[in-house]
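In this document, chain identifiers A, B, C, D and E correspond to the written order of the chains, with residue numbering beginning at 1 in each.
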Amino acid sequence: MATAGLNIYHLARLQAVSPDWPGGFWWHWLFFTVVIIGFVLTMVMGVIYIERRGMGRMQSRLGPNRTGPFGLLQPVADAVKVLLKENIVPAAADKLVHWLAPVIAFAPALMLFAVIPFENGALLADLNIGILYVIAISSVSTVGIFMAGWGSSNKYSLLGAMRNVAAIVSYEIPMVLAIVGVVLIAGSLSLNDIVVAQNVPFILLQPLGFLLFFAAGCAEINRSPFDLMEADSELVAGFHTEYSGMKFAMFYLVEYAEAVAISAIIATLFLGGWKGPILPPWLWFVVKIILVFFAMVWTRTTLPRIRIDQLMAFAWKFLFPMSLLNMFITALQVLAGWPTELVWVMIIVNIAVMAILVLVWSRFFFRLGGGRVEI
Amino acid sequence: MTVALSGKEVASKIEEKFSGSVVESTPENLVVKSDQLLDVARFLKETGGLDFDYLNFVTAVDYYDHFEVAYLLSSLEHNHSLMVKARCYDRENPALPSVTGLWQGADFQEREIYDLFGINFEGHPSMKRIFLWDGFEGHPLRKDYI
Amino acid sequence: MAVRTEPFVLNMGPVHPSTHGVFRMRVTLDGEVVVDIEPVFGYLHRGIEKLAEQRTYTGVIPLTDRLDYISSMSNNLAYCLAAEKLAGIKVPERAEYIRVIMSELQRVAALLIAVGAFLNDCGAYFTPFLYMFRERERIVDLFEMASGQRLTYNYMRVGGVSQDLPEEFMPALRKFMDMMPRFMDEYDQLLMQNEILLARAKGVGILSKEQAINCSISGPVLRASGVKWDIRQADPYSIYDRFDFDIPTQTTGDCYDRYRQRVEETRQSLRIIRQAMEQLPSGPVRAEVPHLVRPPVGEAYAHIEAPKGELGFYLVSDNSIAPYRCHIRPPSLINLTALRDMVRGWKIADLIIIFGSIDITVGEIDR
Amino acid sequence: MEIEPAKKYIYSDIELDREEGQVIEDLKAQSQQPIPDPDQWLDEELEQNILLTSVDALINWGRRSSLWTAICFPACCAFEMIAANGPRFDLARFGMEILRASPRQADLMITAGTLTWKMAPNVRRIYNQMAEPKWVIAMGACAISGGIFASAEYAVVPGYNRIIPVDVYVPGCPPRPEALIYGIQMLQKKIARRKNIDVRKILER
Amino acid sequence: MKFERYGIGIAKGLTVTIKHLFRHPTVSQYPEQRLNISRRFRGNELIWNQEKCTGCGTCAKTCPQGAIEIITSTDMAENKYVVEKYEADTGYCIQCGLCIESCPYEALYFSHNFECAKYRRGELVQGKEEMLETPERKVSGYFYPDKAEKLPKQTLLIEKVTEKR
């Protein structure tokens, strides 16, 4: 466990929150573990509420409004109900795998938050390879999902799990490459340093990178339009078709915890993390997470789902070359010397570059559909 | 307006080619001998001027002593239609030739008639029950069912 | 390197979110590619044809409501036309106009549902479906006002309609007609040009003209394949020869064309309603028909252009109060004939949208 | 991808068809009598109200405010069911908009439509697949008694209570969405009185 | 150069959904806000006028279902039928309205009530006493325009403005 050693080394080296933080390393560790678990659970409840209400309003309905004031307790009621439901393990299932899958899927979603700063320096572990850690950990939950698909011995589950594995394997690459631009500009892999470096939110300096990362992130956590693994009009309920009770609750939690995690990463990398005027930094961070999540809800409400082969083609024929180009252009810009005083010019230039690249690429090189099966 | 062709006129045309194949012809429809149904159907579909390229529906009626299977044919080109009928008198094992080779649209409808009336269409690719389950006894739309 | 794969069978349905009811397919898959499907029907076989033989001619009308339950008015109309043809009943002028207004409103409602369900199958999470459903709800309000039910209207009778329109009907209809084109534009904006939808639906599930005719396909699916055949103009029933409307057709016959076809037909229906509204005469709404209709011995076939295609009733009478035989020509069942040829070689996701674009109702398939 | 000729893939299913037919016949033979309504709680109403603990109240609150519906929409009533979910009546207000496609995660089965004997084994299976606690609402005349199709005895099951126990009957053909919501509220009342923890047993111990 | 395929379609769709976010929803919150249902609404119960009914049994004959059960005896003194048992199974009735249309003495109506859900199958059968008109059990205007006028006007979704907030 090389990474573990690295973790502890850095934890021991870095002073968290403020220099007069009471207690030592272990206090810090305990405090943030509790904070992260609490934060994730609350946020998940919050985003479930936001999704259901927002989606309801967008569909000209109301959404849950009876359970508690404004329906705020709806996720709590769901949790109470789901946790107390009967737990069914299908007779044909691979029992051990079926049991382990939700846990393995759930752990990485929590682990992701270890490196995300809530305030300047307020994070569990300020790894100097924070982004790599994020990328590595975020794909671990695939294992859990594949185990769920395999262990259920259900054809729909298996198809869903296979789709998920294929999607994750392809989308890791554009995701990493899209971040490289940010890293080049910020000059650090640590998420805290990246936030500190953002005098202007990187979404303006890296518009193409943001789009690519958003698309790839949506695909990675299976939000619409890439929600192929639980495409309920095709695969019933995807990989968790055979899950009920508490284990299903875990998967439900994973789904939204990952969404929160990706929103948090996008907020950190592109929207300036905890930075912002007037409000306390952690509140800014939450607001930004919710903004990004709302964008996800918005696309989910509007867009149809793409097909599995188109999903792969989109990754390899559009996102991958685009992210390479983005990396190349950013590298040139950085190499040529980043004119810090001419930030606004750079913003306009980058947005123009994005528009031209997207147009040209989709005009001449790659376009989805046309009645053909990609591959 | 779709012109309903007179059965008598078409019958005379058919008689020229296949003599003795028409059992009965009225202004509304014509009844064809069941063993020559397929030939007549092909004739109706492929003859210029008739061009019955569209099969509206196939159905059967149980008249106690015989089953009458009715085919309503149309021509989208000339906008005319004709009802052709065939009778089968065997109540135990009624059988007729299948027209799926000519009009694919008859596929499910023939299976339906097999299911509900028990008329076997020879030459149909998969002649099995369509609405009711395998092992169901009897054919519900027969008049003597229950 | 050639990878050896082995086909496996996936049982889709009878309870599956996107089989539009209780339809079932045994799908043979090679990975995600569909190599063969076998539709299995009969999960909603309720013996309507058998029951019709035991009911009076009026008593059959509630049964027809439940055939294609999202277009009950059209089913009522088709049955009443057949019964009137058989008994030789002349329908009053006002009733004819009311029937046209009702069946065209019903067409709008059913096509909206078809479009919404198709988009839902494409994966647009319920939004277009619920929008379309809201518009349908406006139409259902009008039907409820006239007939007193929201789904199974049982409004038409042999020889007219059951009751005259209430006086508040026409203002409401006029208001609806003013608002509807705006909504239609908004829905076109919602997904008509969406890149993902184009990528999913364009060129997928092509049904050629020849095959469509050979498979006895009818309705929007046939016209999307480029065949200009609409019973309202080819064989005008009721009073459709008095209205001026176009028959839109598409060229390719893919899923996207079928979707476009439905949207354009909705607009034509609105045009017909507007004309019928202006011409609506006053007078009786029900011909003098005896309580128990006893048509002479004979047979009659009446067909209409229902939202799903050619819906026909073939009635045989033996001069009793009940039909001797009542056969229904179900457009949904016959339109499925080409399904197997359309989906082979496509992915499982395409199977869903091709199936959705045919637009079936299981109540009508199984009867 | 090239598809080889159709014949090669035709799935031989004669045996499967027979098997399915046998299952249907067996079920038909078994379920000639309706299952009695699970309504003992109605008589014990008073007693239960006293002994309802606060834990029970919490659990019942959770259960009744998030009833997720299983997909079992055979026929006509499905459209009124969707209308109830739709923008005008919006069952989502009660936290019910989540239609779980997988019966394992559903609590409530709204039987919207006619049940045929061919469908009956599937409905029984869906009911069995649902995790406890689970409830059933029979929606519409077909679901209660076979309705208009009851006389087609060869194909139609006269009411869902031949196959599965039914908690609430909502008459109508089809019931209005409001009528369905009324039925759901009746079910919620029923759930609110449910006893999860038997206090007497604990006290006796 | 057409921009239709470069994200414009997606953007258009997104504007439609975000517009709906700020529009007034079309929901009527049922238990509190009730819609005025159609005046002709065919409710889930039958209402029977004992005075007008002559016991001819036309309703039971017309019913395509056979959901109405009527048993009469002859009262020789007054030369009329006496209705002994009159039962309608609301769990079996499909509200087609043919009985109401056929009644020659205008003695049968639909109720205007739809809240008839029951916990037990047996409770759905409507006896003679449960079919009489009461203030709670209003008469629907189906087939009786004079009764329809007394009922409130139907709420229409088309009247509900959704464009403005």
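Convention: a contact is a pair of C-beta atoms (placed from the backbone, for glycine too) under 8 Å apart; a residue touches a chain by one contact, two chains touch by 3 or more.
Since we're looking at a predicted model, the values are computed, not measured.
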* When you check each chain against chain C and chain D, which touch both of them? -> A, B, E
* **Chain-contact steps, minimal, separating chain E from chain C** => 1
* Structure fact -> By Cα centroid distance, the chain farthest from chain C is A
* Asked: Farthest from chain B in C-alpha centre terms, which chain would that be?
  -> A
* **Centroid distance [mean C-alpha coordinates] between chain D and chain B, Å** => 43
* Roughly how many whole angstrom separate the Cα centroids of chain A and chain B? -> 62
* To do: Find every residue in chain E that makes contact with two or more other chains and list them.
  => 5-7, 10, 13, 16-17, 20, 25-27, 29, 37, 64, 94-96, 157
* Asked: Residue numbers in chain C touching 2 or more other chains?
  -> 16-17, 33, 42, 45, 47, 50, 62-63, 127, 130-131, 134, 137, 152, 190-191, 194-198, 345
* Structure fact -> In chain D, the residues touching two or more other chains are 1, 86-88, 90, 93, 101, 118, 148, 154-155, 173, 176
* Kindly provide every pair of chains that touch. => A-C, A-D, A-E, B-C, B-D, C-D, C-E, D-E
* Structure fact -> Within their complex, chain D touches chain E through residues 34, 37, 39, 42, 87-90, 93, 141, 144-148, 150, 159, 161, 166-173, 175-179, 181-183, 185-186, 190
* Asked: Contact residues on chain A for chain D in the complex?
  -> 52, 56, 59-67, 71, 73-74, 76-82, 84-88, 232, 236-237, 240-245, 248, 373, 375
* **Of all residues in chain C, those that touch chain A in their complex** => 8, 10, 16-18, 32-33, 119-127, 130-131, 134, 190-191, 194-200, 202-204, 206, 254, 345-350, 352
* Quick one: which bits of chain D touch chain B in the complex? Just the residue numbers, please. => 14, 17-18, 20-22, 24-25, 117-118, 153-155
* **Sites on chain D touched by chain C in the complex** => 1, 3-4, 6, 9-11, 13, 71-76, 78-80, 82-83, 86-88, 99, 101, 113-114, 116, 118-119, 122, 126, 148-149, 151-152, 154-156, 173-174, 176
